[in-house]
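See the structures that follow.
Across the two complexes that follow, chain A remains constant while its partner is chain B and subsequently chain C.
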Partner chain A sequence: MKKLFVLLFLMLGGLWAQPTGQALLQKMEDLQKFDTDMHSMVTLTQQKPEQGNKTMRMSFYRRDSDNSFLIHIQSPESDRGNGYLRVDNHMWMYRRNTRAFQHINRDESIGGTNARAHDFETRNLVDTYQVQKNTDGSEKISEEVLGKIPVYKVHIQAIVRDVDYPIKIWWIEKSSNLLLKEEAYSANKTLMHSVFFTQYTQVGKHFMPVKQLFIDEFEKGNKTLMEVKEISTKKIPNHIFTKAHLESLSK
Partner chain B sequence: MKKALWGFLAVLGSLVYGDPFATDNLFGEMESVVVEMPISETSLTEDTAGVSFSPSGSLTSQLFHGVNRDYFKAKNWQDISQRHQSVGELLLDVRTGDDSKAFAALEGVYRADNQLTSGYVRELFVDFHLKRRLYVRAGKQVLQWGRGHFWHPSDLINVEQKDLIERAGAREGTNGLRLHAPFGAKTNFYAFFDNRGGDSLQDLRSSFKAEFILGPVETAFSLWKKSALHPAYAWDASTRLGNWDFTAEAVFLPKNFVKNWEIAPQKQGLDSLYAKASATGAPRVAISAGRSFRFLEVPDRLRLQYEFYYNSLGNHGKDYKSAQIYAYSSPTSINMGTNQDVVLNQGTISMWLASQGQIQAYSLGKYYAAGFLSIDKFLLSDMTLALNGVVNLSDQSYVFTGSLSYRTMHNLSLQAAILAFGGKPQGEFTISGQKIQSQLSAGISF
Partner chain C sequence: MTLLRMAFRNLFRQKRRNIFLGAAIALGTAFLIIANSFAHGISHTLVNRIISSVSGHVIVNFAHLGKPMSQMLRGGKHWQDSIAQIPGVIKVEENIGILGRLVGNGKSDNAALMGLNLQGPLSPADSAHLNDDFHFVAGHWSDLRDSTVENPFIMSAARAKYINAQVGDILRVRAQDVHGTFVAARLTLVGIFEPSNLFMESVTLLNIKDIVQLINLDPEDSPSLNIVLENPQKEARLVADRIWDMLQSPWVFIEGAWQHQGQSLGTAFYSGYLSDSSSQELLQKRLVGDFDWSRNQVLISAPWAQEHKLAPGDTLFLEYALRFPQADSTEKLRLVVGGLFKPDSSLPPNLILARDDYFYPQLYGALPQIHPLNSVEISPDFAQILSPEWQITPRVSTTEDMTKVQKDISQGKYQGTAVSVNTMYEGASAIMQLESALQLITFQAVILIFFIILIGVINTLRMTIRERTREIGTMRAIGMQSNQVRKIFLLESALLSFLAAIAGVILAMISMFALSQLTIQAAGNPLGMLLINNHLVFVPTLLSITLFVILIVFITVLTSWFPARKAAQLTPATALRHYD
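After this line comes the complex of A and B, so read on.
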């Protein structure tokens, strides 16, 4: 009888220990939302085979309360002045050579690197993805160890069409629910890119990735390292999130 | 042996300096990915702090060949033209501590055929703001209104029409004073006072624009006014429906905006041609639709764009083709491509239209259709294939272009492009007699 109780306890414990996919996505989403404004300097180092490295430095302003961000490329000199402004569902790309804003509404590559606009903002995970199911109806969540870190390996599929890739596998740290690794697959299940989130820092109650490595698996050898520094949570003045400000920064 | 040595040195280098791109065992000995970083709650790194001076620019060398239609009949090498030019662009940007800015875009062009060097000041302006409520730009500046892909009928300020193959160097600016009052990102008011080419207030052209967001649509209404003319009214909008991006632009030009002409028959000598103001207003409309496609697994790799343009002032086709010589009622000057104006007392209607600045590429006919296709990562990671075409539906002539562009991470760019002209004889794209034009260019921007 005692053994039966122990077995029952372990089974229930196991069920409680593994969160549902929906709960996991919600926790991940909550972790990355900021209740303060945020400004930082972002460095994107791009590596291409036979071309070497190129470093791009940009200023990044983010205000989650109205879903705004502004990215302004500061260097190299040839790209300086190009930028991106997003408010709600509207996004504009400013190109200094045409001196025109393009109303784009879509997930652009930033400065031609492997980093895309969604890598800079709060990701609406619950409304965008769901956990895939096994044939028995259970969710495709398993437990693994990444290096020495215990993680959940979660198979994800998009429930909307407007995403970069429809199928993903996430490795999520069990203790913190932070995303550590992502593999993105095309509809034909070809591995297209991997992203490693190797460093986070805590900003208030929330966490932001400060070191990410993007690996282009389709064009082997193309990599982009994104590093975030000089973080400030000081309230950002309203004029920052305007076209006029972005244009004034341009050459 | 050599490979082994290089391999050993690479491993040694990564051990000593650490390779930031190494992916082996990334989480190796880590217990946690959370690191402590200094986070300021009181200071913000400003984008523009202190005085700065930053030059940048580009240098492009271009080789053009033009194959005349006659070449295909006689195979005469003289029917193949050649031109080489180098275009240098220097951008100078000076900023002060209070976020004011002075900017100059200078361009030098050397043409090998006539061994002439020309210099241009494309932009020269000063930027400042009044308590971030009003942004002011004074001087010669590139200003593009409208949001179409190729045609911008609502833009009556910009002086340079977009071309199918982007030209090297900086874009030509317009001289004037621009005011921009933003109310967040979603509402903007603009004014531009254009005083180029005039020495009295009567020549001043004023433009005003109100731009705002309505749900998923960004739209703008604008007004253009010159003292002697009624105003021109314009509207533009852009939005996304499904995966398609749509833009639309329309302008209603006032009567007298375009100089028309009338012929006065003469009993002796040449018939006389004199300017006559257009009696009614005229609309121009451009509509475009475009979307990106996943192509060979890569999202947004293929981009397709269609555009339709209606120009009620167009259809000069018949008169443009005419070789009839008329006596001009007043002398008119025309630039014959030698950087010197030539004064004409007589000529064809097309020469007269050109002298009045009314023959603009891609705006001669009444109806146009265009298609633009681009494929990124074409054969190589940094190569783009673009296939574009514009058809003048009014005179049934067309131009198609194909270009391969390669641009490295470090801004070396190489381009090979071909333009093919065809359609009915004496049409907009066939009247020059040119059948094929090729363009090879190499450039570096810094």
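After this line comes the complex of A and C, so read on.
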């Protein structure tokens, strides 16, 4: 009987134990990685103290299987018709006024906002980051309450050098494994930005953040709200991810 | 000699007429010299003062992973010593410049952060150059050496005013390091200057040792290099060619211990293949079975796969020794087999290949030890396919070609570190062309002026001959030969034009001195880039002045030839019969 209690205690203990960092990252990645094509309308509202508000609305086509995406800007009028296209490892910016494509790198800003071209790429999370370790060798994962939501607070660090931020802290909802808040730090541990993932939507087996608030912690007062609407997972024809299509959209 | 004396004396016989004519020639000469010196001054300012002081006479540029803003060659520090040994090279300077966002007091601004090399004592010439370039309103460039303040920096008065910063203020900067990662730092403003030219206005300068730390440059890595030469005009292209030859890259093979499912597979070599379509076509012919080119998976040699019973889908682990060991002495990589290929006899049978955009980040993430296989001779087929450690771009001779290479880099043609070697003349060939165009326009305008002046010369000589026809008759009657008559008129013209041209040179010198003393306020005006310390720059050269004087004398003598010949052809009787 005593042995049975011990066994039961161990089993329950196993159930309530914290997940390992690697498993947590893998779960998060699996939840957010799409195995279907996706189309949505994205609205970026940027607030800068010196420049006021700027709202940008764009149509976004994404196919994770071959890392392709196409962005077509619909407003404001000054940027309408401009766009971005990624095929294989190449990324182009299209300008309606000049009707010209310019090859760009992943660091290019989208329409002059804080969003950058590589924010729209998918990247293998477990190959890029790992959970930091405490001095005793245990993983830096703790349990907290964010607002009223029980979360894991996870300290992660980059395992490759070409990432925007080498250190991040994530608040991950315990019940769903969804990321609710992120703080990104520079190598010398200066807080650079915070992101609040305030709303998700379920698409098939996967989850997609549909409302994200980016707060620039370095240049105080700069904020960007990203809202995703009209999500469709219908298969996108190949011709969408072509220069000709992006050009035709602006006519 | 007698003829020369006579010609000289004749010039003073019609003083007023010759003074007017001489003044016209002198003015034309002065205009020609001033315009030429100004055009030369523009290129001198842009090329020798700005381009050479910003980028040296020869520039070795690195674009890490093909990214133009990541200017670094991994493990390339030792090249600095090798380049410094080349005859004619005075110094090799590290060129570090990054873009960042500077947050001031209630205002922020984009900033071009550049490193100023203040390691060791500066030569008097370098100090003088810095004093010339920056006129400090507060602080001094030497304050950048102050190790008691955090990251000291200097900036122009206009920029400091924009972000409401004063000397002593601590500002924050956000930038990206050489790997593309965001970095943040606190900078202390130690100096505010009035720039000597427009280009310096936007520059924010830090001590190079501080900026090296800010951009996380490892000690064994090299940023782009500026090379200063003893005699740039003569040696720049030769030295650039020599550096280009020196920087031809070896192949890169990572030798390490491989494992599959916990079983050792012994040692094997890992390298990259170029991802362009022609390389893929060549490699396609050697494939055994199918391979998905778009996935981040590796190709393994078929004999090695057969030996160890490996197949597509298998996961391999590679462990290899590092070239620059720090905390770890080895690096571990995880690779997934995507397909098999047949290597030829010039390659090791145990070879694993990955697409270059997948291979290079792994290679530069942890450089392997240099292996003797890196320098073996490889069959032409595979020599076209395999990745070198870095990729050197072709040498170019014009700015246009250089822009084309830069465009190739920004369009992702190079997945490894693209290495370019250029001289400032290639980089500034457009400026040289601008100088030539300016000189051509000036020359045409001056030729037009001279055409008008020469009509005056012809007219004056015709009048002179007409007035002195009886005198010519007398001289011919007492024994002077016709060619002596011709010579005397030609000598008169030559003397007049020579003296007038010399007067023109003196006038040009005085005018240029006076113009260069004028202070022109050109803040925010593109004209400002042609000024140094708000003054116009004229660079007269002895060679061009000498050539102009010879040209003017030659044209005048040539024009005088026909009236002089007419005078010489007069017979004594005809000349003596002449009455006005």
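Here is the rule we go by: the second predicted complex is superposed on the first by the 218 of 251 C-alpha atoms of A that agree within 3 Å, B and C clash if a C-alpha of one lies under 4 Å from a C-alpha of the other, contacts with A are read in each partner's own complex, and residues count from 1 in each chain.
Here is the rule we go by: a residue touches a chain if its C-beta (ideal position, glycine included) is under 8 Å from a C-beta of that chain, and two chains touch if they have at least 3 such contacts.
Please read all numbers here as calculations on a predicted model, not as lab measurements.
Once the complexes are laid over each other on chain A, chain B and chain C cannot both fit and instead clash.
Legend: residue contacts after superposition of the two complexes on their common chain; A:136 is shown touching neither chain B nor chain C. In the superposition on chain A, the chain among chain B and chain C reaching more residues of chain A is B. In the superposed model, A:192 makes contact with both chain B and chain C.
When the shared chain is aligned, chain B comes close enough to touch A:239, but chain C does not. In the superposition on chain A, A:160 makes contact with chain C only, not with chain B.
In the superposed model, A:219 lies in contact with both chain B and chain C. Only one of the stretches 38-46, 164-172, 236-244 or 452-460 belonging to chain C has C-alpha atoms clashing with chain B in the superposition, and it is 38-46. Taken together, the two complexes place residues 89-90, 103-105, 161-162, 164-165, 186-188, 190, 192, 218-219 of chain A in contact with chain B and also with chain C.
Chain A contributes residues 39, 41, 45-48, 51-52, 54, 59, 68, 72, 74, 77-78, 80, 85, 87, 89-90, 92, 97-100, 102-106, 112, 146-149, 161-162, 164-165, 173, 176, 178, 180, 186-188, 190, 192, 194, 196-203, 207, 210, 213, 215, 218-219, 222-223, 225, 229-234, 236-239, 241-245, 247-249, 251 to its touches with chain B in the complex.
The touching residues of chain B, counted against chain A in their complex, run 20-21, 23, 25-45, 47-48, 54-56, 58, 91, 93, 99, 101, 103, 127, 129, 132, 135, 141-144, 147, 171, 180-182, 184-186, 188, 213, 216, 218, 238-240, 243, 245, 292, 294, 297-300, 377, 381-382, 408-411, 445-446. The residues of chain A lying in touch with chain C in their complex are 50, 66, 88-90, 103-105, 107, 158, 160-166, 184, 186-188, 190, 192, 218-219. Residues of chain C that touch chain A in their complex: 65, 67-69, 101, 103, 107-108, 172, 174, 176-177, 179-185, 216, 275, 294, 357, 361, 365, 410-412.
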